[in-house]
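In the part that follows, the structures are each spelled out as structure tokens.
Two complexes follow with chain A in common, the first pairing it with chain B and the second with chain C.
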Partner chain A sequence: MRIVVKPEVCMGCQICEIWCLVAHSMSKDILNAFLLEKPRAKPRIVVERNPSEYLILQCRNCEEPKCMFACISGAIYKDNGVLKYNEEKCVSCLSCVMACPYGAVKFEDGKIVRCDLCNLDPVCVKVCPNKALEVVS
Partner chain B sequence: MKFLLKKDEMFSFMLPEFLVERRGDRCIKCRVCERQCGFGVHSYDEMSNTMRADEMKCVGCQRCAVMCPTKALIIRPHPSDYRPNANWTREKIQDLKKQAESGGVILTGSGCDKPYRIYWDHIVLNAAQVTNPAIDPLREPMELRTFLGRKHDKLEFAFDGGEIELVTELYPNVQIETPILFSAMSYGAISYNAFKSLAMAASEYGTLFNTGEGGLPKELRKFGKNAVVQCASGRFGVDPEYLNVAAVVEIKIGQGAKPGIGGHLPGEKVTKPISVTRMIPEGTDALSPAPQHDIYSIEDLSTLIYALKEATNYEKPVSVKIAAVHNVAAIASGIARAGADIIAIDGIRGGTGAAPKIIRDNVGIPIELAIASVDERLRREGIRNKVSLIAAGGIRNSADVVKAIALGADAIYIGTPALIAMGCTLCQKCHTGICNWGICTQDPQLSKRLNPEIASKRLVNLLKAWSNEIKEMLGAMGINAIESLRGNREMLRGVGLQEWELEVLGIKGAGE
Partner chain C sequence: MKFENVIIGNSSAAIGCVEAIREIDSDADILMVSADRQAYSRALIPYYLRGKIELEGLLYRRQEFFERLNVETKFGIRVERIDTNKKEITLENGEIVGYEKLLIATGGKPFIPKIEGLNARDFFTFQTLEDVLRIKEAVEKAESAVILGAGIIGLMLAEALVEKGLEVKVVELADRVLAPVLDKKTSEIVQRKFAEKGVEILLNNTILEVRRNEKKILRLKDGREIETDLLAIAVGVVPNAELAKNAGIKVNRGIVVNKRMETSVKDVYAAGDCVEIFDSIAKTSRPIPLWITAYMGGRIAGFNMSGIPRDLSFVTAMNSMHFFDYYIITAGLSNSEDGEVISRLEGENYRRFVLRDGKIVGFIIAGKVGRAGIFTRLMEEELEVSGFKDKLLNDNFGYVDIPEAIRWNLLKEKVKFGVVRDAWI
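On to the complex of A and B.
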């Protein structure tokens, strides 16, 4: 499965990004996640923008994942067709960040930040007010 | 915040219309409000790490309040006001100041918002008790199917043995599954996505949408059998295929929001696809003259009606849409005699994409009175069967639909309710070309906000909900078909109306 964006109805509101952050926070509460938690959790899905354009960067859960092939420590692996990441094995070499052609893997505050597909029930898809994100298998 | 004035610019004396309240304990500074506001009200200040609001720009469309993930925003009418004065209200003073600063005609969108008497709210419906049984629409069939078009004076049959055959050749009629149609809203006035949503919903539910005067894009001609195509004073987008794919061809004479006023789609809104659909050069103003310049009399109207019938091989009903004005009954009688199959009458509260505010708020008459007097006049003259009547402008719920039909309408046009179903909040800024809900705009980024899949679903739900409610009301009256309600004014009683109003409406007072 993977998350796809319908650019014709994506309005760049970044609500997916906000709720992704909440889903990956300690408290899972939007006010606590943004106002109290330090450090603030990181969103996995990110909307890149300049004044006139925007683009959603989301993990494609590729069939032939460049990030997994590039990983030197075996921290990225496939489990039942879903890309998984084991933080304990990661040596922060950033090979996956450089290998991902979609910019979906990020390195922030000394840690790899990547989509975990929310146990196959992605929050970003469920919160999109314009149904611009959908799960396809 | 704007303090710097251009050379010829005046310092504004206006008060803000809306107050933007941000609850500090809830704001997470995610800046969704900033990205959602097409008017540029919200902004983020990095130095103080706070969200700011320029209230002078706020139109109260509530987009930010709805989209805010923590519901931190409250947008309400600005409490700062002038000294209370029954004569000089805040709105009157503000409008006057605006004109003193601009020297222009004040433009606005949507329908008349002035407190003229809303007759729907002074009419109550009947219900069956003891002497006739009420019907449960959940258990028994209830017919809302409606046929629009001219009906015969009499039908002739041939009897051949046991076989009965209809000899009379029937006039073209259009079948709709519910007596609710979508009003004329043109591609150009509303966004492509909004236009497409109306087409999709009409097609799914089995009713009609109206193209307005902006033509029908080629790729949407597959929805033609659910389209009323307009031929208005600008003649935009009219070609033989346009007329022939449609279910009904409508001649637009007037619009309830601006009777006697033409249309003006500014050049900035005439983008490439709109210019192709309207068949005018890109970027030029699309001007619809106030009158149809080939129609200065009923005879002229008849010529156009028959020209359109000729062009469509006499296979489609031709409708004539007029605004409800003082002599509407006499005008409608003339239109029926001119050969129209359908007359659509648009009341004073009908909406618009842009109109001078002074016209919108002061010209025309309420649809309730217009439809009642037209129906009465056509009956008296024995020509009611020659036309179907469609009431438009000011219908807000299913009870209004039932009351309009009982007053004599065959069907109802809904424009504003359809827009509200899609997200419109009646902020009345349609004429600015900025619509934060993606409805009344040609900005490609703003138009994306309306997903036709979702919007058409909302419209179908609206039709479904109203149709079910109409069935409930019919059942309560002990009627099982909308046909039996049509012009059945016995089902109506007036409350709090004067003698002359009851007389025009043709209904008795409650208790009579």
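On to the complex of A and C.
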């Protein structure tokens, strides 16, 4: 499965980003996640912005994942068709950051940040008010 | 004994090949032969020395990987020779194995320059599991270390040894560290990082002679003599291509392969550090001893060995490195002055792009490396960036900064074939 974007109905509200952050926080509570938790959790989905435009970039769970091919430690692997990331095996060499053509693997505050598809029920898709995000298999 | 696929080697290229073959064909028989007793990730050796991972962490595919993928293994056994007429290989124990398709993935070996008085037992290299185990033991009794070569391997070793409390010196022939990939500005930042940790880097210098008393005495090019407990040589890796050469397969600096990873001999493929390959950016064939190049080369070989024609379409040097938590990603002609160079340095955050005919042919991103893969993509696509080149220098450059007319085309995934299936790791 993968998440696809329908850019024509995305209005750049960043609600996906906010709830992605909450889903990856310790408390799973929006106020705690934003106001109390330090370091603050990081959203996996990216809403790029410049003064006039915006654009959602999501992990495509690629069929031929360059991040996985580049990984020197086996921390990135596929399980039932879904890319998984094992933080314990990761040595933060950033080969995946170098390899991902979409910039969907990020490195923030010394940690690799990447989509895990929320156990096959991605929160970004659920919360999008415009249905600009969709799951396809 | 005969196999449809025989793979010599068990590192990145070999694993890439096996995984590709199994995407196409779950039945084809595969034999993997390697002088190494275990399949492990050589790229992880510095992390093991630093204590960031345990010994098991070096295994980048699980123990049961070969069983699950139904791959027969003969590890810890050297291949003596290849007979490309009879299509068989001879192992060191005298066993003869026939093949239909053969992949040579024999890797690279450290280059050791000629130094007066240097004996094999005087120095360490830093490439294999055996190397790191020897170094680990030697470090217990050592107070000082000298490393010849300020490349990625040499500097990663220097970082590990200074963390272990040794007094470390690095001797480098060039006028700066990491000279093949970094420009002067980035090299200077890296040099500063090492200086802050007390590592002395001796540039424009080399070791001319080794003598020994209870320590090793090194006579340097600049005339001075330094003493050290431990000497390591890390000046580079050269292809391990003798086996191929002795079999009459064409070898220049490395085993010569085309885009399908075919050698000069039918049904014999090669990939990884043992080959020289056409660099799409530098427009020349050369060894590119990098993990991802090896994996992709092996993968492409695997498809072709399984009868699915496929090219390795884009290859260039790409490095992701870090020293004392300072991160650098480079690709292509990263430090070239030949072309239009645009750069921005802000504190220790640095971005440098080399453009030719309005296209990116190389870059260095250091400090905040963010989402550097986007630039690798723009390079691969040979996208004309002149119209928005200033934006490349922003820390948060993204696809949104690329004109809409071309953006969506770039964001379509290039689905080819061969679907990576389940948990092979």
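One rule holds for everything that comes next: the second predicted complex is superposed on the first by the 137 of 137 C-alpha atoms of A that agree within 3 Å, B and C clash if a C-alpha of one lies under 4 Å from a C-alpha of the other, contacts with A are read in each partner's own complex, and residues count from 1 in each chain.
Convention: contacts are C-beta pairs under 8 Å (C-beta built on N, C-alpha and C of every residue); 3 or more make two chains touch, one makes a residue touch a chain.
Keep in mind that what you see is a predicted model, and the values were worked out from it rather than measured.
Aligning the two structures on chain A places chain B and chain C next to each other without any clash.
Of the two partner chains placed by the overlay, only chain B lies in contact with A:M11; chain C stays clear of it. By the touch criterion stated above, A:K131 is placed in contact with chain B alone, chain C being left untouched. Chain A is touched at more residues by one of its partners, and among chain B and chain C that partner is C. In the superposed model, A:S73 lies in contact with chain C only, and not with chain B. After the superposition on chain A, the angle chain B-chain A-chain C between C-alpha centres rounds to 150°, nearest 10.
In the superposition on chain A, contact is made by A:K106 with chain C only, not with chain B.
In the superposition on chain A, A:W19 makes contact with chain B only, not with chain C.
In the superposed model, A:I30 makes contact with chain B only, not with chain C. Taking all C-alpha atoms of chain B against all those of chain C in the superposed arrangement, the shortest distance found is 14 Å. When both complexes are aligned on chain A by C-alpha atoms, no chain A residue touches chain B in the first and chain C in the second. Residues of chain B that touch chain A in their complex: 25-26, 28-32, 35-36, 67, 69-70, 438, 445, 448-449, 451, 453-454. Across the complex, chain A meets chain C through its residues 7, 46, 48-50, 53-55, 57, 60, 62-66, 68-74, 77-81, 84, 89, 91-107, 110.
Of all residues in chain C, only 16, 41, 43-44, 47, 52-53, 57, 59-62, 291-292, 295-296, 299, 318-320, 322, 325, 327, 329, 331, 369-374, 376-377, 380, 396, 398-401, 404, 407-408, 411, 413, 415-416, 418-425 touch chain A in the complex they form.
The touching residues of chain A, counted against chain B in their complex, run 8-15, 18-19, 30-31, 34-35, 129-132.
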